[in-house]
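Two complexes are shown next, each including chain A; its partner changes from chain B in the first to chain C in the second.
Our next item is the complex of A and B:
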């Protein structure tokens, strides 16, 4: 067991570091040829390792596995620095998956900056893996900053005006968020003397804290900070600009995983620790933010005139669903949120990959320039339909099940009204998705130079993700049963 | 000679030959359906064979003993159950004779017409289903055949292609309403009695749920018979359907079926008490049907339409008779059903002969045909004597029994019935006079020589039927000997055959007839036209407006129903449009308004985004402060 554990850590933290070093040793021309392959290798190994981690957890029948340093496996569980449990395993898998899609898309879209892109992607992967693995709040902050800086550089990869503008906005907002998170962590440290999740959980459960207002203040800062990071309304301002301005593969990363890892995942951990039925106001605050994001995000998405921008607003809305699931504070809502986390990674990556393909061919994602692409790009059109229906939560696609679980959980905890609002917003989801489909792929063909479907990584990735979406949707009852026998549900 | 057939039919207890009455016409009909269009002669032969076979079987059945057959089928009390007893024997024989004679006639009538194949097919189907109704001993089985007949009616009305099959739709809607009521009634009856077997259900009290059950089943029965308010498709069908259809369905079968079921409901299933509210209600339905049908028949200028309206009117007598719930009335009603079947089909067939010869039955175009078509005229006159209730003819006796019962219940019904006698006589005299007497008038384009007597196969059935009217009048012991045992013990040994008991009633009826004759003669003298002989009733102030309204179909219950449907449809369509508007206009406008504003609001300014962020933070802070 110990040997395999070491492998896990090397795969998640060591591999990106090693990749950076190895890629920058040879001369630039040679390294550029290796970039895509290396990136894909790292990501696929990460996915495989995440699966192995899950299997190991099931094998040893443990909720989590901890290890303190790379070289020392014989440390008590609660003192460990890194730890893998089911939630982080799912997140790590998603990171690997979206990373692989991003690299697949980068093959044809990022040409001269490929080495810079790969380096920064490795740093981004490292940062996000760190967020998923660490066991204390301060380390979360550290890895958050790492992934944040990598994101800024990636958004502004080409140093073009839109990219720079997006990166700047993200930077400003992230600065506020970082300040808040640091402040919240500091206040918690002041109160508890430790930031380790295990310690915090124990002390909160025992009720050992003298200064409740301090805890409230800390929670306020943390919730607000993570809400900015995950792009909830009304803290979303940076998100559409950053995603539209970023190069296509970076958009895939940002929308597919970065927002979720830096904002939503941390929120899930908070909920885990703080047993939020004691702090109902956090639930209510998160629920309100989530509802605002769901409804306004969807409505705003309907009014957009740009493919990628529509998808960006759609991300706001969908992450709203995840936060809504978390805000229930029940196991069902939690499971629904985790599943929607995974589903959002799949379908949003598919859609952004298709947007990358479209942009690659037409050098634009504005609706006025698109339309009638169905004939020329059948794979993109078909996979968009699948991803869109999954987004809107139509059976039998995967998105249906996770949304269903979330809405049931919301109905149980927060009443029928909130659940109906969340459900009705799905109609808007369908509306903006149909609008995308209508404006981009269906309809009459426009006068333009001939375009064709690029037979490259994007198409393969789209198809693979669609297969995952459908397969997950069909096999969902099996998964649910497995979760139940494992005692998760 | 018939005894072997009878014993053959009722042999065995499980799978005996009774089903042949239903199955053979059904199979032959399907055979006719799949035979190619060119094989018309073969179809005709099959048809002839089938109606003859049916006649022989029904004759054989008539002398057979009582039999019940039960084949378990769908469970829940729904079985294929057949019962042969007095009424079904009688009804099947009556229907079988009518099927044979009208079938013989229609074979000549429809020769060469475009709907020949379809008519044969539907006619055989009708025969099969009618036998099914009379044999059924299970209410669900009865309902099945009942509904099947409705579909056959629908199909028959579609035979003559019209751009818009209004009559067929009207017929199916009215029949469907009546049949739905019957279904409802059967359900209630089942829940009351706990059985669907018709020989088990008996003497349910007409109270509580029984009132609803009785009412529904009764309306289903009179609806099939064509009483008010389910009558209005019949006069329209006179214009739209092939004439033999009119002779067999409104003329014979609908009365047989409707009155058969009404008899079963009022006498067997429910214990309808004389003088009770329900009895009065049934009598009022009868009286209204009688009055309305005959009043409308009076003013028709077309033989077929006059006969159709009077067919509606005559049902009134039968419903009135059964409604009294007195043995004398019931016997009279069933007897009248038989008589009506005979004379009305004969009259319809004669009208068909006129149509065959001249191409029309509109009395404004034709007249004085008696010399050119003496046998048709003779038979029309003979059947007409029965129709008006001339003493000595069969309908005279049956009407007299009904009058007796009506007078015993309430004098108002008797007066209405007498008005009916007057109206019937006046309308018949008008039509008879205009069509067969006086100078010859023909439609344009038809020469005098072209109009000649119809072939023997058409003359024979109508003449046999007309002669039968006289026969059953002179020897009324013959039919009454079959009808009276239907009532069993309720009859209490009274004998209705022979000359009526009360001379007074006979005298009053005769006076009514004489009044009608006198009216006709005087009016003819005065106006000089047989067609205008009743116009002085038509134009009485007040009555005239009613007639005008009726002519324009304002009083047609179907139209009233349709206008209700239209109002309902209007409301629904408004509602639907409102919903559509909400979805198609309001929601779209709202969303696009919101989306556009939102789009304008996110203008890419970092300052603005920061303001949002901080207002969001403020909101969160306030929330935290409020809720802690």
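Our next item is the complex of A and C:
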């Protein structure tokens, strides 16, 4: 058993590294031809491996499986360096999926910088896989830095003024967030002498700490740091700039998965460690952050005049829903948050892929230059309708179910008022989505040279993601029943 | 905690405050990079004293070496971006970095 499981880690951590080495061995001309194929291969292998990991977990009826560093696979659970459980398997699948979409979009958008793009994307995938796999707080910091640095370089890929501006803003905010996270980790290290999740969980559960204010302070710094990383509302300043300034495939990656992995996933881990159903003040703080993001993010999105910028504010709002689900501290909220995590990465990467297609044709994403694209770009128009309805949470689509679970969980724990605020904010979601549709795809046609929809990777990727959105929405009751029979819900 | 470590923690807090003050007040990109470095140094000091006070110095030393490496990479990328911005618009002032209306 352990021999077959051992290969999993190679796929997640080793494959991107091997890909970087192999791509840089041949001469540049030849390597550039291989880039997209290699990237797609790595991402698809990662998705398959994540599915295999889930199947293995079910097969052996375990909550998680553990690995040490590369040279030692036979390791006790509490001495492991990497571990895979259901949450990280879902996240690894999402990383592979969004990475594949980004590579599919790269062929027609960053053609002239494809080798640099692929190298940095591999580092980014490596960093995010690391965040999903590691089992101690300090390694989370290390992999956060890896994925952060790769993102800064990707945003500033063309060294154009907007990209550099977005990258610098992201860099400064991210450095502050890292400092906060490290400060929190340092205080926990002072109190417990270790940063391993298992040790922290044990000690916090047993209540063996003699300095409670220190632990509270550490928790405050950790939550604040991860809130900056995931772009929750008072700390959101960098996010729209970074996503508007970035090249199209990079903004797919940033919005679809990077914020979620570096901010929200880590917050979910904190819930596991700190058992936040005890620390109620922290839950209320997270709930306030989430509500602020949901409401203000949606209102700000209505007022934007740029396609990508609207989507960036929409991400702030949707990630608010994920954090709201986490903040409940119940299993239902947690499951809802994980499902919304998956849904957010499908529909947001569809929308950003559509933005990439539009930008590719018209070299602009400003509403003044767009309008009436429905006839020329039917695939982009149709898929963005599906993704937008899923974002707004309309019944047949996947987004409805995850939002429903989150809102039920919130109703149970925090009362009807909070739940109705979260529900009403969905109306704003529908409002800004309709505005996007009106300004970009419907509405009167502008005077411009004729454009046509390219039959390239972007179209295939957005169709595939729409199929996932609809299929997941229709099959969701089956999944819910499966979770119920497993005794999760 | 004895009084020595408390004094050290107060020193670290003061360095942290100085770094944060610089982050808020300065508009020069290079100064901002320096401010980030100062903040990270304060955090590193916290880790040093944490390791010292719970007797786990070996672990904290390995943390600190890793932090130094990660920090250097961030500083290199940040100064690289600052240089590219300077080449583009001949100025390092952050207030002129407003093409995105953020």
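Note that the second predicted complex is superposed on the first by the 489 of 489 C-alpha atoms of A that agree within 3 Å, B and C clash if a C-alpha of one lies under 4 Å from a C-alpha of the other, contacts with A are read in each partner's own complex, and residues count from 1 in each chain.
The rule is simple: a residue touches a chain if its C-beta (ideal position, glycine included) is under 8 Å from a C-beta of that chain, and two chains touch if they have at least 3 such contacts.
Computed from a predicted model, the values in this text were never measured in an experiment.
When the shared chain is aligned, no partner comes close enough to touch A:52: not chain B, not chain C. Contacts of A:169 after superposition on the shared chain: both chain B and chain C are touched.
After overlaying the two complexes on the shared chain, residue contacts for A:149 are found with chain C alone; chain B is out of touch. Applying the stated contact rule after C-alpha superposition, one finds that A:183 touches chain C and leaves chain B untouched. Of the two partner chains, chain C is the only one touched by A:161; chain B is not. Within the superposed three-chain model, A:241 lies in touch with chain B and with chain C [touch as defined at top].
When the two complexes are overlaid on their common chain A, residue A:434 makes contact with neither chain B nor chain C. Contacts of A:193 after superposition on the shared chain: chain C is touched, whereas chain B is not.
The residues of chain A shared by its contacts with chain B and with chain C are 165, 168-169, 172, 176, 237-238, 240-241. By the touch rule above, chain C contacts chain A in their complex via residues 16, 23, 29, 32, 36, 39-40, 43, 46-47, 49-51, 53-56, 59-60, 63, 66-67, 70, 73-74, 77-78, 81-82, 84-85, 88-89, 97-100, 102.
Of all the residues in chain A, the ones that touch chain C in their complex are 138, 141-142, 145, 148-149, 152-153, 156, 159-162, 164-169, 171-172, 175-176, 178-179, 182-183, 186-187, 189-190, 193-194, 237-238, 240-241, 244-245.
The touching residues of chain B, when paired with chain A in their complex, are 591-592, 594-596, 598-599, 602, 604, 606, 608-610, 612-613, 615-617, 619-621, 623-624, 627-628.
Those residues of chain A that touch chain B in the complex are listed here as 165, 168-169, 172-173, 176, 213, 216, 219-220, 223-224, 227-228, 233-235, 237-238, 240-241, 280-281, 284-285, 288-289, 296, 299-300, 302-305, 428, 431.
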